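Structures for review follow.
The following pair of complexes shares a single chain, subunit A, combined with subunit B in the former and subunit C in the latter.
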Partner chain A sequence: MTRSFLATHPSVLIFLLILSLFTIGVTILSEAYGTAFISTSFVKTLGKTLCLCLVALAMDLIWGYAGILSLGHMAFFALGGYMIGMWLMYARTEEIVLSALANEVLPPTTEEVTNGIAAQIFGVVGASELPPIWGFAHSLPLQLLLVIAVPGLLALAFGWLAFRSRVTGVYLSILTQAGTLALALWLFQNDSGLRGNNGLSGLQNIPGLAHVPQAELSIWFFWASAAALGLTYVALAWLVSGKFGSVIRAIRDDEARVRFLGYSVEGYKLFLFTLTAMIAAIAGALYYPQAGIINPAELAPIASIYLAVWVAIGGRGRLYGAVIGAAFVSLLSSWFTGGRAPSIDLGFYTINWVDWWLVLLGLSFVLVTLFAPKGIGGLIDLAAHLRAPDRKGAALGPDDSALREKEARE
Partner chain B sequence: MTTLLEVSGISVSFDGFRAINNLSFTIGPAELRAIIGPNGAGKTTFMDIITGKTRPDRGTVRWGPMADSLLSKSEAEIARAGIGRKFQRPTVFEDQTVAENLMMALKANRNPFAVLFWRPKPADHARVAALATEVGLADHLARKSGELSHGQKQWLEIGMLLAQEPKLLLVDEPAAGMTLAEREHTTRLLVDLARTRAVVVVEHDMDFVRRLNCKVTVLHEGSVLAEGSLDHVTKNPAVIDVYLGR
Partner chain C sequence: MRRLAAALIAAFALLLPMAALAQSAAQILEDHRALVEKPSRTTIGPVIAALAASDDPMVADVLAAWADRRLGLRKADGAFVLVSPVAEGVALRLLDGSDAGVLAASEITELRPNAGVRGMIAGALVRFRLSAPDPAARADALATIARDPAPEHLEALRQSLGEESDAGLRAQKARLERLLTLRFEDDSAARVAAIGSFSGDLGLDLRAALNPLLAVTRVALPLGAVPEGNLARDLTPGIDLTEAEAYAALVSAGLAPEPLTAEALKAALVANVEGGMVAGFPVARLNTEEARAAAYSALEAEGRVPPAATEDEVAAAIAAHRFVEIYAEPDPAVTTAAAEVLQGIELKLAAMQAADLGLDALSLASIYFLAAIGLAITFGVMRVINMAHGEFIMMGAYTGYVVQLFVANHTLSLLIALPLAFAVTFAAGVAMERLVIRHLYKRPLETLLATFGISIALQQLAKTIFGTQARPLTAPSWLDGALSFNDIVAISYIRIAIFVLALVFLVFFLWLMQRTRLGLEVRAVTQNPSMAASMGINPDRINMLTFGLGSGIAGIAGVAIGLFAQVTSELGSAYIVQSFMTVVVGGVGNIWGTLAGAAMIGTLQKGIEWLNPANTLAAQTYMILFIILFIQFRPRGIIALKGRAAGD
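Here is the complex of A and B:
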């Protein structure tokens, strides 16, 4: 069955092929396993980009396929990062505390160790006790479970409340933004138990792997990110190819009609919202060890809006579009904002890209929405000779989120 | 005679306007019924209430041998209980193929987890093909339904309704946009279906209703004006008034 699935969906094979070639290429050019043509910090940038592609896949599933414009998925991404960050920081601090106490005459008691860890981690916020939410931080398996459980349960609770009252469209988007903001503000507080605005840091140091140089670690994380992206891509392509995919696209275009077929629209939305929140969390858990630091600013509402912009620029409702959009825009963004883009001297005014990049991004978003609603994916349609159906300007369904004529392919 | 659906004393107002006024209606498990009435009589609203789209201000809707109340159920639950609906304006999923539309409507477990792992078996493909043949769309299975003509969309929607295998079919103006031959086909289909299940047809076209050859309910200003055979109701002075008096 899987074989026939790949055979009938050549785009999945092409995607996996390109991803593998890219991974091999980067490995060959890396410092750790190759010619050192690519710096370790750039390997990290590429690995992080793969994680952003992964969260974009989740966004495309929920928005591109099911029409739910959630503007809160980067909060789940950050929560995933926080959950893995707690273990990274705890276990690493434990190592430091243990080696400091090793010189004492008496072997340290468990309490001394825990207090030492707490003082180390929470000294910055003036506390010296481990908050209860760190109860699982000593255990990697438990904390890995929390990576999907915490965002998953949060999404389940939020989604249940929102979908049950049939909140849709723009109201749902606003609600997700408000939720994101509330979570960020809570995290900013010192007594949230997650070090307030200091966030969690030193996440690039993997406990137990102190002897492994960052050059190697960065490639390992790059591989893990590529594997997660590839696996998720195949799983989601399979998910949208069957009747489930049909139902969620139908919900996007005309959810009232889907109800009369006997499908519980709210149940499907809740399922998708929770599933995509967990995918976003996994992406975040892979991203932040490569970034090294996470703080509440990562939950800024604007981050989730960028996510939607990436998917729109890549072309929504096609998985590869989300990947292309996220990779293209985020790499371009780090090039422009990293100060590497040459400033343009107009004589009377110098365009400094660090300041003007956002304006450029906003402008391209508007232009894409108006003139190329299929995004970058439209170029692929051109190559494959697909064209939009002639519907005389009508969208493909009555709902706000329905595909517009120009987005549809034949 | 046993009843499948019993609607009694329902009323609904939109911003003070009484669209349905103390309406009662019953239908048996294998019965064909036509509902006629002038524009704005409340025919579509009546279907909206049965299918859970609109909640009545007053009255009860009871369903099946256990006389379950439908008023506390969601649209999806009502559909799963066995009430299928064809809309006045054909509504199919235009971005999807005829086959996908039919496959979605096919009677099966509607739970998200079940649907996720559901893959069509040869029997399901055969059923979709048979339905498509029945509604004359066998050659169009792979086409996006958005490309179909108005009449073909009507047929596709009828096919989707059949695929659901409902116990009660509510059909709102099925013949609009159809040719004479297609109308005759529709009539035959509906009469045939009513042998095994209940069918309620809303229609303006009197010739169409005559060919259905069934009991007729006349709605006017949200309540039942007359009920009986077509000849019987068309002789009713109140009905003549409503149809000719304006």
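Here is the complex of A and C:
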């Protein structure tokens, strides 16, 4: 099965090849295991980019394949980060508290250690007790479970509510956006139990690995991110290549007809929504230890819109498109906003890219939407000489969110 | 004691007038020289009463000087003098008002009455100030008493009440007299009557006077003992107060030993470590609370540490005692009356606060309505998701700001800004419709994304042009201030103006859609473009105009919102989610639905904020969650379109 799957889908093999070449290349050029051509901070940037590619895969599955434009997947991404961040921060603070208490005459009691940790973590928001939601933070396996469980259950509850009342299209988008905003506002409060707008910090210090330099840690996380991306890519490519993929594409193009054919449209949607939320959460759990800090601003609705922008520019409805888009736009974005892009002197005005990058991004996004709905991925179709069937201008499906023929052909 | 002194003064003031009338201030002081030179609270009363009863015009000056420590004795002859410091020393005035030259400070023996005596003097002085010829001085004296009332003031106030000629001041004095009566009068019935006379009054001064009457202290006493004083209520440990609080009350009453804190326990153990052991327990095993408690008990048994209450003992001690709250005010009739009146006040206050909350909710609802009405056209009627709508609001606000840069008169600049903002955003809306949205009418999700691209670009452009800090958009001065019905219910004029503006737009929208050719054509095009086109309507032109109109209204809303919010590049994005919610909750395609949606969201947000006033963030969270749930039950909004107009 797998062999024939890979044989029928050469893009998967090509993708894995490129990903592994890239991983090996970065490793050889890194500070820890190679020629030190690439700085540790840039390795971290690349590792984070791989995580963004991973969440873009999830977005592509839910939007490009199933036609559900969720504007809340970055909230699941950040939630995943929060869940792993809780353990990182707790365990790290525990080390600090234990070493501080080690000099005392009496060995510390469990209560003393917990109180010390709570005071350390929550002193900044004026609290000194560990909120109940930190109840599992002492255990890595439990907290890893929560990385998947919390966003998964949230997506399940939200999706169940939304899909069962047949909220579709732009209404669903606005609803997910509102839900994201609600979550962000809730996390912004100091008494939310997650340190308000201070967020969780110091996540780059992995407990128990204090002796390992950041250069090596960054490469390890890079490998983990690449492995997660590769595995997810293969799994999702297999998922969408079968009958399941056909059904969700059919839901995108004509939801009513699929329902009349006897498929449980809501079930498919709910499964996809929850699955992609979990993938986003895993991506977040890998991203934030590399970023080192997480705060509620990461959940702002605009982040989820950027995610849609990446997928749209890369080319939705194809997995490699999402990866290309996320990598291309986020790297370009960090190049432009990092002040490394040269300013353009027009004589009467100097275009400073730090100020103008977002304008350029916004406008190029409009242009892509208008003129190249297939995004960068469309170029690959050109190279492969793929041609769409001629339907004399009719839409591919009667639903408003169905692809128009013009998009399919370009 | 003070009340007694006040009563003494009153008594003397009543008994002595005949004897004192003829006496001057100087004479009185001279008669009581020994008392004046070494005054004490218990003995000085008659002197002050005599002074107060005298009709010598110098009395007020003498009393004021005495209270200020400006009354002295000239060392040369022992005469009383009023002193005031000047550059060369002190200037002297005799008690008959004549100047007596300047002397060095060392030539004067200063009289230094203590705080209690000064208080009595001040009480007597108040009478003079309350009957001062100048009404402003009388008002000032009243304000002083109101700020810091004392029992001495009561008699003076009552005396001056009858002499008061100014009706306004008399009312004030009468009110203050009742306020002082309910606090300082001796006669219980008079106090109760004074309290009862305030029933239904909402004044802050009344609440300030009543609250101290109801102040309570927590008292612990053994079971069976009868509490002394005016019992307020019984407390049940675990319900009215925590176990820790109850035990603390016992400790402070000396009925139980200090509880042992974890720190104290630890310190005691550390102090008793001997060769790695504490009372037979190895130190390394003392890493649980239980082990430490056991070690402490062992030490306690050996008598090496003071006994401390264990948890069981604490529980037993609490169970063996009764906890009550005792009013500081001993008179039960007074406290009952005060509690009743206060309860009435609280009820009325709650009603007032509800009214104020209603006004707040109304103004918030009109803001949301104003922000959403443009969307009601572009999204509600045309079904175009315009995520740049918030940026149109922002453009309107910045237009207002730029106009103010050129036109200094705020009223005039506002009059220019409103149509100009409409023109600017109308043009922007038409341009956007022609260039982008026109191509995406069949693809709503893409419209959402493309307009988001525009929103990002516009926001960044505004940031680049105007900077990140907030720009002021100042309202004309006639919009400053607030319309206040009483000291709780108030609404600022800007919010009234916004409410009026929202009403104007509602009427305008209804007129436009129902009564004009354009409205007819808009409705035709949105229901069935091809049929409308075959009837001779140009759908392109109508779409363009409609979209421009919706955007233009957003611009005007931007000016209005900019008047009270800070004009930043993020102004619009703060409203965009709420605006869409307003339209969706209300029901797409129906302006009454938008109105209902705005009213619901405004009321809801204010209501939740009222439940948890410290946390507006949580209020927004709960509001959004509520809306998400609401849409479950009414997916088409409060007012759903039916039939063909619903579009499917």
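Simple rule for what comes next: the second predicted complex is superposed on the first by the 405 of 410 C-alpha atoms of A that agree within 3 Å, B and C clash if a C-alpha of one lies under 4 Å from a C-alpha of the other, contacts with A are read in each partner's own complex, and residues count from 1 in each chain.
The working rule: a residue touches a chain if its C-beta (ideal position, glycine included) is under 8 Å from a C-beta of that chain, and two chains touch if they have at least 3 such contacts.
The model shown is predicted, which means the values in this text are computed figures rather than measured ones.
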| item | value |
| --- | --- |
| Superposed partners subunit B and subunit C on subunit A - clash or fit | fit |
| Contacts of A:Phe136 with subunit B and subunit C, given as first, second, both or neither | neither |
| Touched partner set for A:Leu181, first subunit B, second subunit C, both or neither | second |
| Which superposed partner A:Gly267 touches (first subunit B, second subunit C, both, neither) | first |
| Touching partner for A:Phe244 - first (subunit B), second (subunit C), both, neither | first |
| Per-residue contact with subunit A, leading partner among subunit C and subunit B | C |
| Superposed arrangement, angle subtended at the Cα centre of subunit A by subunit B and subunit C, nearest 10 degrees | 100 |
| Partner chain(s) touched by A:Val366 [first = subunit B, second = subunit C, both, neither] | second |
| Minimum C-alpha separation between subunit B and subunit C after superposing on chain A, in Å | 5 |
| Common interface positions of subunit A, toward subunit B and toward subunit C | none |
| Interface residues, subunit A side, partner subunit C - complex | 67, 69, 104-112, 158, 161-162, 164-167, 169-171, 173-175, 177-179, 181-183, 185-186, 188-189, 191, 301-302, 305, 308-309, 312, 355-359, 361-366, 369-370, 373, 395, 400-401, 404 |
| Partner subunit A, residues of subunit C touching it in the complex | 262, 266, 269-270, 273, 283-284, 286-289, 292, 385, 436, 439-440, 442-446, 448-450, 452-461, 463-464, 573, 577, 580-581, 584, 615, 617-618, 620-621, 624-625, 627-629, 631-633, 635 |
| Contact footprint of subunit A on subunit B as seen in their complex | 51, 53, 74-77, 79-80, 84-85, 87, 91, 93-96, 100, 103-105, 110-113, 115-116, 118-120, 144, 146-147, 160, 164 |
| Interfacial residue positions of subunit A with respect to subunit B in the complex | 1, 239, 242-244, 246-247, 249-250, 253-254, 256-257, 259-265, 267-268, 271, 389, 391, 396-397, 403, 408, 410 |
